[in-house]
Structure formats: structure tokens, C-alpha cells
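Below you'll find a set of structures to go through.
Shared chain: chain A. Partners: chain B in the first complex, chain C in the second.
What follows is the complex of A and B.
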């Protein structure tokens, strides 16, 4: 194997994989390495036996994780995600999915119900004029005010008088004072339309998100979001890797990187063209020769400490609508017996199939024993997305933490698990038995600001944003930024390239039929 | 980042390719003209043959709006094909006509002549099959049931297609076994629930309710109150939507029920008070208030100076807000003095 590459990418998380695919398609020679025997890194989709192994490794790495219960039979028919998320129907991520052709490798369906936990019961969240019209829970006046707010949020609010001076006030406050919404309605909008993580999140970024999600609804159906089959993000990351491989990218899974060093050009074994001088040499476990590259892109977790401070880090934000980045996420994956479909309320709207992917939002302070500051999301997944065999389901519970917590994920999340199980029991009058559960803490590696003396050609990828609705869009934006940095870093040296040469496009036009295979998008 | 049709390359058209395309189009046009000539000359000669039948099909597939040819096709059926066929065969032919036009409708949902042809097929179906010597109407019932299904699919695709609503009424009125008015009311509830900005759905609801009130299946007073509740949800959710205001006006009718009138006036007044609001909403609120207060004045409190004054004030505000209709508001003011 030729061991000279333009780019080596370490880690097959979602952001890294998008970057690798884009660089591969742009014509660069890419090697992509991951110490895990699976794709997806910290966002991987795992079968239940893989999950158990992952738990053991996580413990060995001194992370907080606990696991209860026996792995059920048919462990391979489950696809659990370590970082569950949904895909906005309009946004940079879905655009990348389509433009890259990776959408053809996967299957997607609409997210089902979004409900909020309020006063001990699950309530619907009105997302459109018709939801408001039909709601039995709001007074006439409340309906008028909510509709007015939705029209405001869907329009050009940037210079509006309502927003003037209020951009940084908490959204809950803004809704209550300016739009005169009741507390319950304000909560529903803040946490289940704007998907704020924390109680004091500010108005302007949340409004941007709300507008984006209102516009996204209707593109594929009434929900603003899609969910991926087979566990979502990990599966999609694998799709991007496949796209990279099709264009010649080389994949090395299950091998650790044992050393990374800068290259002294005078020490090279074989003389190479001056314009293609490698900058880094990467030692891979069990490989006789080092791999050379001119540009090294790595997930921050896989970069050795001494290089982290020297790397150029891309700030991960859609700055206009980003939520404050959490310090860590407390997570729980629970496998349960019985269907996890939330029944549609009232007369069904047509013959649409009920989706078993739904989202329950617990606002801060809604659950006794729960958090007073963080909003907790519970996502369900089941046979509808091929994530579990028939008759079983997966519950994902996620709590963003804005500081280090003295409590373990288990202590933080148990009250929510108990509440959800009894809610399902109430909704469906069946016993919901818990088969097994895993609690873990996901620390997000903090981004160090890029200093001016960062090493040329060394780019670090920040951790995948854990925000349920925004994470994938941020991944796409960061991936594009890294792509551009890498491309300009690599092209800048090639003096023989014409001045009039085009900038690399993030995704070149797809040929009409790129390969013979690939599934159709299933709805 | 530009996205062109999911990033699929569009082939650039060279001058040669364009010329070729024009050539192909010309031959298509010639083909169409020749076919038209053929069919129309056969029509003149009263050609009722199967060949002629096939030709009309080809022509109508290209241009379903050619109503002369639809007429000709029906004449072929009546004069040429039906006299040679058993009732069962006739039924099969008509079922086939219905299938064929369903496909045409999907592409052309608003072409009157296709709907027309379907009506003809439904109305001219044989009464059979015979059961114990008595025509059972089963064929007709089956065709009409399917027809209702088609009308519903059209309304699922576009709930505001008034042609489809009209057609739905026609089908419901002509089915051998009628559907209940109650189920129709439920249908309008579903359509309004899905999107209440829909004149046709509210209109259908009003017609259905009248039928239910007259037949005694629903108590008019309670039902009216229920309807006021329903429509007030629409008014408050979107006061700019006219279809709800028009329904509300129909419900009020001539204003015989004083309690209802006063209650609704209060409701609209509160809606008007809710600031800030659009010009459209203010217009509708004030306009309705004037109309309803006048009804109150005429029917229940003929001497009331307060009511009269309130109307005059509202009309002045309306004239300011809507200067285009100034003269109308003046007229209304004058009417009040009589």
C-alpha cells in the first residue's frame, strides 16, 4: 500500500466522516483511521453485544458508566445510538446528505409525536395553526396569542419592535411578557419548539431555531424532523465513509494510532516532489511503515495531549442559533418490552402510520427529583426504524449539564426512566418491562481556542454537539469549515496550479447514477 | 452552496440537440393533427366502429379537453357498442371508462369534460345484476361507491378544490344507497380540522347541518351553539381568515336569538381589543360588530340610542381604516337613521 496521503483523518465520528467524504470526492487522497472496530466513534450505532463491549472499554478508560440487566436474545437486531439525534428537514446536514449522495445509502422516516411533560401528564405541542385550532387545552385568547407568536417567529423578526432590547433576555420571560403567553404555553414553545437545553437560554438564538424548524415542517410531512434507520448518526457516519471509500479513500478500522510526529523533510526514506512534502507521520499499530500526510485531521479525543494545544480548532457553531454548549451529557439507553408507540390523539389525521420514533420533553423543574435547570429529552426508537426487533423498543434519555456534576448519570436520570415507564404504562395499559439499561456520562472535550502558533496542517475536530435537533447541522457546518481549511492548505502549496482555478466545492455535482446500488429513500 | 435539483447534472443543450428536439415536436404535432382530422371525419360520417372508439381514446389521451371527441366517444358507445352488448358487458365497459378517466383526472384534476364523462357513465350504468329476476342495482352501487372514493382522494390532495366538493355533493345525492348526513358532518369536521382556511368545507358543513336540523337528527339550538364554539376557535386562531367570518355570519342568520347575538358581539369585541392586530382583522371585527349590532337594533331593541351610537362610531373608524369603501360606510350610517 502506498503510504503517502494528502490527508489522514483520525476518528470516524459524524463530523470527521463528512469531512473525509468531501475531501475524497474533491479528489484528495484520504486515509481514514479509527481505533474502534466500528464506524461512528462517540456517535456510533451499536448492536447490544457491541454495546456491552463498549461499556467495558468505557469503564477501563475511567468514564462513568453502569449497566443492568441481561442482554436479550437477538442482540444483533438492535441498533442503539450512543448519541441519539434527529435531522431537521431543512438545514446544512440534510443538504449535505443529499448533495453527497449518502442519503441513498440510508433510510429515513419522519419523527412522530413531540410531547411535553407538564403537570404530570404528556401534552401535545402545537406546531401549526391547525394544531392550535384543534387544541382542547388552550383558551380562545391563548390561541390568538400563540398564533401571533408563531407568525412572528416564522417571519422577519430581526428588526422587529417586539425583539428590540430583548435579544438576550431569557426566552421564557420574553414569551410571557411580550406575547402574554401562559407559563405552560411558554414552556411548550421554549423546550419543545425551540428545544432549549437550559432554563435561562436567551431569546434570539432560540427564535432562529424556531423559525428554521417552522420552515422545515411540510418539506417531507408535518414533522420538522427526520430520523435515520438503524440507530441514526452512526449509520449515517458509516454512509459518509462508504462515499469516501468509493472515491478511493482508504479505511483502517480497529487499529490504534501509536504515534504522531511532525516530519523533518530531510529525514524521508524516499525522496518526494517538493510540492508534496508530507508534514506528519502517523504510526499505526501493527503496520510496518508509517503513514505520511500533508494534512492531519483528527477528532480532539484521539489527538495526543501535546498536539491538542497546537491544533487549529474549528469553532462548532451556527452562531446565530446555537444553544450554549453543555459541559457533559448524562445519558441512558433502556431496552424495553412492548410497543413504544405514543398513540395519536383524537380522530386520526388520515391513514398515516403511527411512527414509533417520538420525542418526550421534560422541561426543567417538571419532574420532582429531576433537574431544575436542564431540559431532558426522551427519544423512542423501535422496529419502525429497524432499531429493535418487533415487540421491543429503545428509550434514550439525555440530560445536558452545564457544569461538572457530582452525581453519576444514573442518579440524575433514574427518576426520568421511572416516570417514562409509568407514563407508557398509563397510555397503553400494559406492563412495560425494562429489559436492560445503561447509564453513562459523555464528557464533551472542550475546545481550546486556536492560537496563532498552531501547526500548519493540523486540524482538530470538536466533539459532536449533543443537541438533539441541532447537533447534525453543526456537524455539517464544522465539516465544511474543516474541508475548506484542508483544501486551501493543500492547494496553497501547489504553485503549478493555475491562478484561475476554481475553489473546491463542498460537494461536486453527483453523476445521475453514481453507482448501481444504494437504497431508495423510504418514507 | 447551490443545489440544482438534488445536485444532479442537467445536460446542456447544444444547438444540434435543440434542433432535433424541435423536429421531434413537429412530428408529434403533425401526428396529432392527422389524428384529429381522422377522428372528426369519422364523426361526420357517423362511424360507430370499434376502430373509431380506439382512435378517440388515443386522441383524448393527448388532449383530454377536446370535448367534441368526448361527445363522439359517448355516441359510439350508445349507437355502436352498447346495442351489441349484454348488460354485464356494458357494465364492464363503463367501469373501464371510469378507470381510464381516473388516470386522466390525476394529471388534470380540473378539466370539466372528464368529470362530465364520469357522470354520464355513472348515470347510464345498467341496473343489474339480476337477482331472482329483480335488478339489484349492485353494479351501480359499486360504481358510485368507487366514485365517492375518487372524490375523497381528490379532496385529500387538495381540500380546496371546489369542483371536487361540488362533485362530492353530486355523488352523495345520486348514490342508490345514501350515506348519512351525520357521517358527512364528521367528514367536514375532519377537513376543517386539518385546515380551517377552507370555504368549501365550511359551506358543505352548512348544507349538511341544515339537512340534519330539518330532519330532526340534531337539535338546532344546541347544534348552533356547538358551531359557534367551533368557529370561534377559528376566528381567534386566525382572524384574518375570511371563511370563518362568513360561516359565523351564516350562523347568526337574521339574528332572532338575542342571547346568541349578544354573546357573539361580546366575543368579537374581546377579539378586537386584543392588540396588536392586522388591518384585516380589525376590518372584519368591526364590520361584523356593525352588522350584528344592527340586527340587535332591528330585532330586539329598536329604540336603543346606545346601540345606534356604537354603530356610528364603528362606522367612522371603519371609514378611516378603509377609505376605499368610505361611501359604503356613509350609506350604512344613513340607514341607521331610518
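What follows is the complex of A and C.
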């Protein structure tokens, strides 16, 4: 193997994979390495036997993780996500999926219901204005107020008198005071339309999300969100990696990186071209030769400590992403017997199709024994997205945490699991037995802000965003930022020879070569 | 009325046994002596018409080099209806590798997958190291289709794809087959992201 590359990417999380695909498609020579034997890093989709191995491995690293129950038969027919998420139907991520051609590698369907747990029962969250008008739970006055708010949120609210001076007040408070909404309605909007993680979240970023999701509704159907098959993000990351490989990217999985060093150009034996001097040498387990590159892109977790402070870190710089980032996520993956279509109050349930992909939101303080400050999301998945064999279901429970918790993920989430199982029981009048469950704490490495003396060509990818609805969009935004930095870092050198300054497009138009249809295709 | 079926076909085998060349011959009837490792298409399609006028459309996936460091993604095997596992008749070791890939397929892929073992580079039979008997015996034991091909001369190439087309179960209704078939027992609710008028979602608020 030729061991000189333009770029080496470490880690196959969603952001790194999108970046690798874009750079490879732009014509750069990319090597993509992951120490894990699977794609996706902390966002991987795993079969149940892989999940058990992951648990053992995670324990070794002193992470808090608990696992109960035996692995059921057909373990390979499950695809469970370590970081479940949904995809907004309009936004940077879906644009990248389509423009890169990766959407053809995957299958997607609309998210079924979004429901909110309120006063001990589950309530449907209206997905459209029509839903609101048909709702019997709201008074006419309340309906008018909600409609007024939705018109406001869908419009150009930035310079409105309603928002003036309120940008940083908590959204809940803003909805009470300015739009006179009842508590229940304000909670539904805050947590099941704006998807705030915490009770204190401010108005402006949440309004940006609400506007985006209102627009997204209707593109593919009534829901604003899609879900990916086979566990979602982890599967889609594989698609981006394949896109990179198809364009010549070299993939090395399951080998750890044993050393990264910056290269002193004068030490090289045969400098090829002065402009193509490698800046970094990467030692990979089992590889006799070091791999060289001019630009090194690494997930923060895989970057050795001595390089972390020297890397340039990209962050999403849009207003909807300015909400406080969780410090960690407490997560639970539970496999249950029996189909899991979310139970519902009977009202208005006649029209929609039954889906086993749904999102249930527990606002802060809604469950006794639960969190008073964090919103907890429960996502369901099953055979409808090929995530489990027929007759089985997956429950994902996630709780964002502000700060380090003294409690384990299990202590934090057990009340929610119990509550969800009993809600199913009550509604479907059948026992939902738990087959196995895994509780774990996913810590998100906070990235140090880069100093002015960062190393040229060393780019760090921050920890993935764990936000259920916004995470994939942030991945696409960060990937594009890193793509531009890497391209300009590499082109800066080429410019000296070529005298040309080509501006790289994030996703150039798909040419015929990549169109998978028709017989007259070029190789 | 003729029926059309679509199937996903995956290629497997050691590097440099001629996987891509085999497909290039099948799809484009071309051969390129100097092809280096695969750079190119997401997948290629080619249609085979059987004697009863049934048409079988193959969606052919190449490894894109990801097999080299054992980095093929599970996604590659998903919903694969058939596989062509290629070895080089002039390299004994490549048959051993092919056997490893077949075990991997039996582990990862759908149990009903149709597997064809294909000994390529028949034009170099003067340097043959793998006998026909050895390979065909193994194929029989494992229940695989087997034949030898030369992507260079074209010998045997169409025959092996035809043999696969004939062996595929063409009894199921066409809509239930194919690379993007819905999960059994669920109504088709797939969203096709590419068939939307607003494909690029461009100016929309990207917050």
C-alpha cells in the first residue's frame, strides 16, 4: 500500500464519516481508520451479540454500565443504536444525504407518533394546525393562542416585538407570559415541538428549532422527522464511508492507532514534492510502515492528550445549536417481547397508520422519581425499521445531564423504564416482558477551545451532539466546516504550484457515474 | 405479460482476483488490462432476460476496496439476494480466502442468499493452481453454484449471472423482492428521499 495520504481521518462517527466522504469525493486521497471492529464509534448500530461485547469492553474502560438478561435468539437480527436520533425532513443533514447519493444506500420512513407524558397519561402532540383544530383537549381560546404562537414561530420572529428582550428567558416562561398559553400547552411546545433538553432552556435557540421543524412537516408526510432503518445513524455512517471508499478512500477498521507524531520535513529521506510534505505520521497496529498525511482529522476521543490542545476544533455556529450542551447522556436500551406501538388516548387515533417508531417525551418533573430538570426521551423501534425481528421491540431511553451525576444511568432511568412498560401494559392489556436491558452513561468529551498556536493541518471533531432531533444536523454542519478547513489547508499548498484557487463545493452534483440506475452506466 | 424482478448482488473475494473486471465484462462487455483497484460506481445494474421472458435486474455492489483490511460494513450484506465470490484459478490462496468469505456470508447474510463461486482468470489456465475438481467439490458440499470465467475473454461470464438468475426464487410477487423490499409483515411506508421535487432542500432554513 502506498502509505502517503492527503488526509487521515480517525474515527467513523457520523461527523467523521460525512467529512471523509466529502473529501474523498472532492478528489483527496483519504485513509479512514477506526480502532473498533465496527463503524459508527459512539453512534454505532450494533447487533445484540455485538452490544454484549461492547458492554464488556466499555466496562473495562471504567465506564458505568449494567446489563441484565440473556441475549435472545436471532441476536444478529437486531440493530440497536448507541445514540438513537431522528432526522429532520428539512435541514443540512438530509441535504447531505441526498446530495452525496448516500440516501440510496439506506431506507427511511416517517417517524410515527410524538407523544408527551402529562399528568400520568400519554397525550398526542399535534403535528399540524388541523390536528389542533380537531383536538378536543383544548378550549377554543387555547386553540387560538396556540395558532397565534405557531404563526409567530413559523415566521420571521427575529425582530419581532414579542421576542424583543426575551431571547434569553426560558421558553416555558416566554410562552406563559407573551402568548398566555396554559402550562400543559407550554410544556408540550417546549419539550415536544422545540425539544428542549432542560427546564431552563432559553427561547431563541428553541424558536429556531420549532421553525425548522414546522417547515419540515409536510415534506415527506405529516411528521417533521424520518427514522433510518437498521438503527439509524450508525447505519448511515456506513453509507457515507462506502461513498468515500467508492471514490478511493482506504478503510482500516479494528486496528488501534499506536502513535501520532508531527513530522519534521528535514528528517524525511525522500521528500517527493516540497509542497506535498506530510505533516503527520500515524502508526497503526499491525502495519509495518507508518502512514503519512498532510491533514489529520480526528474525533476528540481518539486524539492523544498531548495533541488535544493543539488541534483546531470545529463547532456548529448556528443559533439553534447555542443551547447548552449536555455534559453526558444517561441511556438505556431495553429489548421487549411483543410489538411496541405506542399506546394513546383514543382521541383522533383513527386516521393514522400504526408505526413502531415513535417518540415519547417525559418533560422535567413529570414522573415521580424522575428528573426535575431534564427532559427524557423514549424512542421505540422494531421490525418496521428492520431493527428487531418480528414480535420484538426496542425501547431507547435517554436523559441529558447538565453535570456529572453521582447516580448511575440505571438509577436515573429505571423509573422511566418501569413507567413505560406499565403504560404499554395498561393500554394493550398484555404483559410486555423485558428480555434484556442495558444501562450506560455516555460522557461527552468537552473540547478545549483551540489556541492560536494550533498545529497546521490538525483538525479535531468535537463529541457528537446527542440531541435527539438536532444531532444529525449538527453532524452535517460540523462536517462541512471541517471539510472546508481541510480543503483550504491542502489547497493552500497546491495553489503555490498551480496558481489556481479552486473553491471546493461540499457536495458537487452527482454525475452519471454515480447514478445507480439504468444499463448504460459508465464505470 | 413478462415479469421483472430486482435483486441485490454483492461481490466478494480477495483483492486483485478480478471482481470488478468480471462486472465490467458483464455490464459493459469491456475489459481493461490496467485497471487498478476499484474506484467508481456506487453500484451498477444489468438486466438478464430468461427464456420465459422474465427479466431479472441485478443491482451489483462492488466492495470498493473495503474488503482489504476486513472493513466491509454490515450494510454491504444487508438485503443481498445473491453473491458472487471470486477466486483466481492461478492462486491457491485465493480459494482459501473465498471460503472465508463464504463463511462470512453464511453468518452475515440472509440464509436464503444464492451464492456463486467463480474461478476467474481462465485465460491463464496454463498457470492454473486450483483444479476444477477441487473447487467444484467444495461448491457441491456447500450448495453453491460454481463455474470458471475469464473476464478478459468473456468466457463463462454471462453464463454465471444467468445461472444465478435462474436459481433465484422468482415465485414471490415482484414488489416483495429486491434490494429495497419492505420488512415482511409491514406495509410499505418507506420514504424515497430522491424522488422528491424539493430534492436539494436548498434555501430552506438550515437551523
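Keep this in mind: the second predicted complex is superposed on the first by the 488 of 523 C-alpha atoms of A that agree within 3 Å, B and C clash if a C-alpha of one lies under 4 Å from a C-alpha of the other, contacts with A are read in each partner's own complex, and residues count from 1 in each chain.
As a working rule, contacts are C-beta pairs under 8 Å (C-beta built on N, C-alpha and C of every residue); 3 or more make two chains touch, one makes a residue touch a chain.
As the structure is a prediction and not an experimental result, all values here were calculated from the model.
Colleague: In the overlaid three-chain picture, which partner chain does A:373 touch, first (chain B) or second (chain C), both, or neither?
Modeller: In the superposition, A:373 contacts neither chain B nor chain C.
Colleague: Return first, second, both or neither, reflecting whether A:247 touches chain B, chain C, both chains, or no partner chain.
Modeller: So A:247 only meets chain C here.
Colleague: More chain A residues touched by chain B or by chain C?
Modeller: After superposition, C is the partner touching more of chain A.
Colleague: Thinking of the overlay built on chain A, is A:481 touched by chain B (first), by chain C (second), by both, or by neither?
Modeller: So A:481 meets neither chain B nor chain C here.
Colleague: In the overlay, answer first, second, both or neither for which of chain B and chain C A:455 touches.
Modeller: Once the two structures are laid over each other on A, A:455 reaches no partner at all.
Colleague: Contact-wise, after the overlay, does A:133 reach chain B, chain C, both or neither (first, second, both, neither)?
Modeller: So A:133 only meets chain B here.
Colleague: Using the touch definition from the top, say if A:75 reaches chain B (first), chain C (second), both or neither.
Modeller: In the superposition, A:75 contacts neither chain B nor chain C.
Colleague: Between chain B (first) and chain C (second), which does A:99 come into contact with in this model arrangement: first, second, both, or neither?
Modeller: Both partners, chain B and chain C.
Colleague: Is A:144 contacted by the first partner chain B, the second partner chain C, both or neither?
Modeller: After superposition on chain A, A:144 lies in contact with chain B alone.
Colleague: Taking the contacts chain A makes with chain B in one complex and with chain C in the other, which residues are shared?
Modeller: 95, 98-99, 101
Colleague: Looking at the complex, which residues from chain B come into contact with chain A?
Modeller: 1, 3-4, 6-9, 156, 189-190, 193-196, 232-234, 236-239, 267, 270-271, 274
Colleague: Under the touch definition given earlier, write down the residues of chain A that touch chain C in their complex.
Modeller: 38-39, 47, 76, 90-92, 94-95, 97-99, 101, 103-110, 208-209, 211-212, 215, 219-221, 226, 230, 235, 238-239, 241-243, 245-248, 250-255, 318-320, 353, 355, 383-386, 390, 473, 477, 513-514, 516-519, 521-523
Colleague: What residues on chain A touch chain B, complex-wise?
Modeller: Going through chain A, the ones touching chain B are 95, 98-99, 101, 129-130, 132-134, 140-141, 143-145, 147, 347, 349-350, 505-507, 509-512.
Colleague: Please output the residues of chain C touching chain A within their complex, sorted ascending.
Modeller: Within the complex, chain C contacts chain A at residues 20, 24, 27-28, 30, 38-47, 59, 62, 64-66, 68-71, 73-76, 78, 107-108, 180, 183-187, 189-191, 193-194, 196, 198-202, 204-207.
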